[in-house]
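What follows is a group of structures, each given as structure tokens.
Shared chain: chain A. Partners: chain B in the first complex, chain C in the second.
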Partner chain A sequence: MSDDARRLHPVDVVIVGGGWAGSIMAKEMTEAGRSVVMLERGPYRSTAADGAYPASIDELEANFRYKLFQDLSKNTVTIRNNSQQTALPYRRMAAFLPGEGVGGAGLHWSGVHFRMPPDDLRLRTRVIEKYGAKFIPEGMNLQDYGVSYEELEPFFDKAEKVFGTSGEAYMVKGQVVGKGNVFSPSRSDHFPLPALKDVYTAHLFRKAAEEVGFHPYSLPAANASRQYINPYGAQMGPCNFCGYCSGYACYMYSKASPNVNILPVLRRHPLFELRAGCHVLKVELDADGRRATGVTYTDPDGRVVTQPAEMVILTAFQFHNVRLMLLSGIGRPYDPVHNEGVVGRNFVYQNVTTSNVWLDRSIDTNQYIGAGGGGVAFDDFNSENFDHGPLGFVGGSPVWVNQAGVKAIAAARSGGPPGTPRWGSAWKAGVIDTYRHSLRIDAHGANMAYRDVYLDLDPTWKDAYGQPLLRMTFDWKDNDIRMNRYVVDRIGDVAKAMGARRVNLTKREFGKPFDTRQYQTTHLGGGAVMGNDPGTSALNRYLQSWDVHNVFVIGANAFPQGTGYNPTGMVAALAYWAAHHIRTTYLSHPGPLAG
Partner chain B sequence: MLASAILAVTVCGPSARAQEPARDDVIARGEYVARAADCAACHSVPGEAPFAGGMAFHLPTGTLYAPNITPDRQTGIGQYSEAEFSRALRRGIRRDGTTLYPAMPYPSYARLTDEDVHVLYVYFMQGVKPVVHVVAQDGMSWPMSMRWPLSIWRMLYAPDPKAVRQDMDRRTFADPLVARGSYLVEGPGHCGACHTPRALTMQEKALTAEDGPLYLSGGDAVDGWRPVSLRGENRTGLGRWNEQDIVRFLATGRMPLGAAFGGMTDAIGHGTQHMTDEDRLAIARYLKTISPAAPALARGWTYDPAVTDALHAGDVSARGARAYVDSCAACHRTDGHGYPTTFPPLAGNPVVMDPKPDSLIRIVLEGNTLRATRQAPSAFVMPGFAARMDDSTVADTVTFIRAAWGNDAPAVTVTDVARIRRTLSPEHPPVSVPMN
Partner chain C sequence: MQGLAGVTACSTVLASPPGHTSRPTPYAPRFFTPAEWAFLIAACDRLIPADENGPGALALDVPRFIDMQMGTPYASGAQWYMQGPFVQGPDNLGYQLPYAPRDLYRRGIAGMNAHAATRHGRPFAGLAPALQDDLLHGAENGSMIFGDMPSTVFFDQLLANVMEGAFSDPVHGGNTGLGGWTMLGFPGARADFMDWVDRYGAHYPLGSVSISGETA
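Here is the complex of A and B:
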């Protein structure tokens, strides 16, 4: 296809994908004096157009017609539970909701903004230290990231300052400074903004969790608790808890997004060009496949165009990055039979279940109020914060009330407590009771990586451009189900302390396969992971392809296994980390940064 | 060196452009003066070539089109000598001898120094790209279509640059910064063109601070926006803005007590955001020397929490309170303080308490975009409520805002709102969609 493609004027760096990772990398590369073209396949988006109040807070358009999400009629994935099945295309948004358009998933996200726990970064080493190598279940590809918390700390800090993150620190420079998460590591600085106030349900949850003996803390949220100007000079408004975060462009300018926090500055930079409506087909490699020469894409008029560049940075959504590597021949594709090859390996999801608690009818839970990143959590059963020895599973799960604002259609669809009729006056009474007097508690668990869970190119299905779709082979494993069931029982303890009138604990069931029809989370990870061993990772610890040194791949695709936390904070920190090493080393000495 | 350059230009006249190119720094200084004088506000159309003219001014007497002032010899000002350029700028006389419409603020530009006129000339001749663009014929109706009466107007009302010069030399300022500020505001900045009231015969009632209390005391509506007083009135002027507030406002369009809207958005966008901090400070210091138009207007605004307390207690019985809480309070808060520099406060805001409610009504109806500037890259958009609120709801809401939190401006009638609504453009496509 590239033979007859139009060749454009070369640039220093081409970036594929206009979300958080792309915007951060573009900002960093222009700061380093490099010319940058950022390609985004979706449309331009800005708060003025997509967040225009009040038209933008239309639940039907945003959450049920998926205004800001990927157009699945052009490109999607196929899914199956195991390699004996034939995968079928994911045609309707449900289990996960990848974004599209300038800002990417960073425009429609909720705003929970975590740092990765230090133990999660070296989970394989830690588990072996604590429980021995035999503790790792057969078939689990447990790995380290190859980078430590101490190394990433400056970049977590930078990302929080750019995002305007609200939270309360526990420890700064080794000193206990506040009522933050006691399990969180020391920080170099406080959060740039104070924590959001607790909504009422979060307040009740905090009290009850303390009573039970857990250690609740305010979720770190990239929803600004007050107006804020970030280090780039970009301004945010304050969050007013309207509840229209996830799925929406925030009309208050208070939810961090590339659009609000980076692009207004970046787009004025003379070395930067943003091209929307450009769908990248492949990364072009030189004759021996060791160096990228640019990318080929279709422009908004459908013409196939080649953009030559000295460096290619893939910053599309997790699975699009993996697919582009497979389509371009970057790195060895994963072979699940022999557990060899790296691109497609260690594909992971997040292990989330939501339980419901009904309080006394005298208590209004005001679920319409909310902030996407706000709430109260405890980490007593996350990461390596507890002894897994007697429990016999790897991984953990934070538990939280993250009341993000329950809207009318969602409230009606979720119905009443189990057993409520699906129509009639009993249904109405159940919906009203649930909407007015209940709350939701999530177990937001990690999903481990397994040998037979992976991504590859589908042999049958193709996208609108004639290229094979990416195929997901995914199912839940007993280790992860045991972890979920253990942690959800702890939710039962807290619900009791809250004086629950009724509790519906939702646990993952053994033998019940992954169901794509239910929304779970868009936190997909792995598939092109980072690490120190080219035999088990597609990227080195600087997110540089082991095989094609001028290709960097930034995203949750780099996570070797799942984590209990939301991924965006880690993705942003990894972007700044990779950018730092590109700027300080790679640009003056192009070549492998690790070897 | 500079003097000889001026001499050379003066001697060579129209053929100056054929001479060796001016030094870059002279062109840059000319560009700076062009920004301080906000030439682009009228002579550039957004999205078109700079200074190619064509911007339409819809006046009750017809439509004026700003001319092409690029150095194109046929359709622009390429044939102007520096003397002719100076005469047009400072005396309002075109190269053909006819008089310019006083939409061109030559009564203010009369105060421009020779040096500023020179660098402006060099900039327009050598720093601006010539563009062939024939601007539409003015569509003024008789008798305003005749230019000869303009000459009489000019003789009656426009100051003589020589007299102005003497006047400027006579005035003394203890602080050189105030002197610079007076020059920028009364001269190139032509702030009074909007912010000073005009007589029936359209001349500004005062051209300098020395001309009395009407100077900068608030002008008549421009494009439907009512320019506020820039004098020291506590409630309706700049009485509570300090120097740094003004500096920040001129640089970014936003400061803790307010945000730019209407025509000021362009004045900041083309002009003041590009000025030096020192010049912005000069403007601020000078403005702070101007006393309230009347002593009674010095009466101070103080915050009154009564309305806030009522709203917090769930009492929305006051006229307009319910509409305010539903549609305005998310950003401007129930306490009226807003979120300074992001969403401006309404409590104590001079625009809110202006005797004429036109701007406030218009903002509610058509919204406003606080544009990005060099120092403030984020734009903020307030939506318009014209499609959602009828005239009586707008009148109630605006009345509520004008009387809450210690504000003391009179109520607004449905007729006021209807009058403004009639003047809304049928649609308001954004000039450019903000980048955030």
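Here is the complex of A and C:
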């Protein structure tokens, strides 16, 4: 493919994908004095154009025609529940919604902005310390990240300052300072902005959770509670809880996005060039496959172009990163039969279920008010915050009211309480009551990694450029189902304390396979994980390919297993962590940073 | 842009209180044939009937919305991965037919009318409401198949578009007079609750507003 390709002038760094990870890496590399080309397959996007009020807040276009999301007609994945099945194409957007265009999903994400819990970073070690190696179920590939919370702390802090994150700390420099999450580790500094106000449902949930004896806290939100100027000089306005958050560019410039928080500054840098509409086909390697020489892509006119570079950074999103590694021959593909190889191994998702609580009809829950990252959570059953010994499962789940703004089409389609017809007068009565007087509570659980859950290339289906689609082999496992069921019962306790008129606890069912037709979340992870053992990780602890040292791969692909939290705070911290080591070590001594 | 004409026209519907009319705004469909249009009107009227809780799909101009949607790239399958081979599998692995929304309507409506004719000697639109409901329930439960298309595929497409039509911004041709939003208690494009976020328990006093500034 590259033989007849046009060759461009070499640059220092080529970055594949213009989302959070790509924008952070580009900013860092230009700060280090390197020339950077960032290639983004989707169109150019800006908050000024794509977030212009009122045209931008069109629920049909944003949430049901997926205006800002990946163009599946060109490229998708195939999915199956187990390796005996034929995987079939994910033809219509449903279970997960990958982003596309400048800013990536970062333009229209929600904003829940977490740090990874210390125990989750060393989960294998921690579980063995607490419960013994036998506690780990057969077939579960439980691993450590190879990096500690203490090492990452400065980069979590940096990401929060760049994102303008609102929240209340619990502990700063070892001192208890506020009513934040009692299970969260000490921080070097406060959140840059105070927590967002609680919407009514979150307020009721906080009171009830406290009454039951749990430890509620304000969700850390990359939705600015006040006006803010970040360390790059980018400005944010105060969030007005508009309710058009998830799936929308923020017309108030309040939701952190690469487009608001990084790109306005980056685009003025003389060493930086952004090329939109450029779909990268593969990373080019030298003859012995040990060094990347650049990337090949199709430009907006459909021409195949090669961009030579000293360094390639993949930031194309979790599964696109894995696919590009497989298409380029970077790292050994995973073989589930022998549990060998690393690219595609430990593919994970997020184990979320949403329960519903109906309050008295005199109470308006105003579900249309909300911010994507706002709400109240408790972590009493997340991570290693509770004793798993008698429960017999690995993993946990924060529980929260995260009312991002429920709009009319979504409300109509989710309907009334279970048992209500989906149409007709009974549906109408049910949906009106549900919209006006109910609220939603999520168990946002971790999904563990398993030997027979993985990513590889599909043998049959191709994308618009003739390259094989990525194949997902994924199903829910008993360990994770048991975890979900246990935590969802705790939601029942809180709902009772809220004075619920009716409760619908939604739990994962044993034997019910992963359903690609139902929206769950876009928190996909793993597949090219970080670690200290090249036998079980594709990347070293600096997110550098073990095999091709001038390729770094940044994204949730690096998570060895799932976590109860949303991924982006960790992705951003990993980007700053990798960038720090590239800047301080790699640029002067190119070569493996670990080994 | 087609929608703008519809938005102007809706002021006549607003004159009668919501829930008491099931007459749609006069509209000449561009995609649907007269027989298909008759089906669509009849089915919409059953899926969201006018009742004491608010207007039905007809007063909300849901059929017009669906016809207008049929002229968008979405309806030609431009947003779906439509490369073959098309292999059928378990339901939970999702939609696997080669048909775009326009094809689903063509085949689905023909299938529904054929079943109506076989069972009751008339097309769907000519049947009594109870018989129409039976057929819709049958389609919803998958008890029919239209060639290689299970009836659930058509039903789910129809129901999804009906909900979209009743509850999307009127710029798309449905939700006439903001009747869908008013019925639900959704303020539409207000999108500014800075002062409301912590007025716990207070009833939000403002009516709905649309993208074009229409209020209800």
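The working rule: the second predicted complex is superposed on the first by the 595 of 595 C-alpha atoms of A that agree within 3 Å, B and C clash if a C-alpha of one lies under 4 Å from a C-alpha of the other, contacts with A are read in each partner's own complex, and residues count from 1 in each chain.
Keep this in mind: contacts are C-beta pairs under 8 Å (C-beta built on N, C-alpha and C of every residue); 3 or more make two chains touch, one makes a residue touch a chain.
Keep in mind it's a predicted model, so treat the numbers as computed, not measured.
Peer 1: After lining both complexes up on chain A, report clash or fit for chain B versus chain C.
Peer 2: After superposition on chain A, which the two structures share, chain B sits beside chain C with no clash.
Peer 1: Check whether A:N339 is in contact with chain B, with chain C, with both or with neither, and answer first, second, both or neither.
Peer 2: Neither: A:N339 stays clear of chain B and chain C.
Peer 1: Could you give the angle made at the Cα centre of chain A by the lines to the Cα centres of chain B and chain C, to the nearest 10°?
Peer 2: Result: 80 degrees, to the nearest ten.
Peer 1: In the superposed arrangement, which partner chain does A:A408 touch: chain B (first), chain C (second), both, or neither?
Peer 2: A:A408 sits against chain C, while chain B stays out of touch.
Peer 1: Figure out whether A:N532 sits in contact with chain B (first) or chain C (second), or with both, or with neither.
Peer 2: neither
Peer 1: Touch check for A:T354: first (chain B), second (chain C), both, or neither?
Peer 2: neither
Peer 1: Going by the contact rule set out at the top, does A:R268 touch chain B (first), chain C (second), both, or neither?
Peer 2: A:R268 sits against chain B, while chain C stays out of touch.
Peer 1: In the overlay, answer first, second, both or neither for which of chain B and chain C A:N240 touches.
Peer 2: Both partners.
Peer 1: After the superposition on A, what does A:Q520 contact: first (chain B), second (chain C), both or neither?
Peer 2: So A:Q520 meets neither chain B nor chain C here.
Peer 1: With both structures fitted on chain A, tell me whether chain B or chain C touches more of chain A's residues.
Peer 2: Touched residues of chain A are more numerous for C.
Peer 1: Looking at the overlay, what does A:S83 touch: chain B (first), chain C (second), both, or neither?
Peer 2: A:S83 sits against neither chain B nor chain C.
Peer 1: Scan A:T47 for contacts with chain B and chain C and give back first, second, both or neither.
Peer 2: Only chain B is touched by A:T47; chain C is not.
Peer 1: Taking the superposed arrangement, what is the smallest distance in Å from a C-alpha atom of chain B to one of chain C?
Peer 2: Nearest C-alpha atoms of the two chains are 5 Å apart.
Peer 1: Please report the chain A residues shared by its interface with chain B and its interface with chain C.
Peer 2: Residues 53-54, 238, 240, 242, which sit in both footprints.
Peer 1: Applying the document's contact rule, which stretches of chain A touch chain C when the two form their complex?
Peer 2: Listed in rising order, the residues are 53-55, 57-60, 64-66, 71-73, 76, 79-81, 85-94, 197-200, 203, 238, 240-244, 251, 363-364, 366, 368-369, 407-409, 411-413, 422-425, 428-429, 431-432, 435-436, 460-462, 513-517.
Peer 1: Report the residues of chain A in contact with chain B in the complex, numbered from low to high.
Peer 2: Within the complex, chain A contacts chain B at residues 44, 46-49, 52-54, 226-227, 229, 232-238, 240, 242, 252-253, 259-260, 263-265, 267-268.
Peer 1: Can you list the residues on chain C that touch chain A in the complex?
Peer 2: Per the stated touch rule, the residues are 46-49, 51, 53-54, 72, 74, 77-83, 85, 87, 89-96, 133, 136, 140, 159-160, 162-164, 166-169, 171-172, 180-181, 183-189, 191-194, 196-198, 200-204, 211.
Peer 1: Quick one: in the complex, what on chain B touches chain A?
Peer 2: Where chain B meets chain A, its residues are 330-331, 339-343, 369, 372, 375-381, 383, 388, 430, 433-436.
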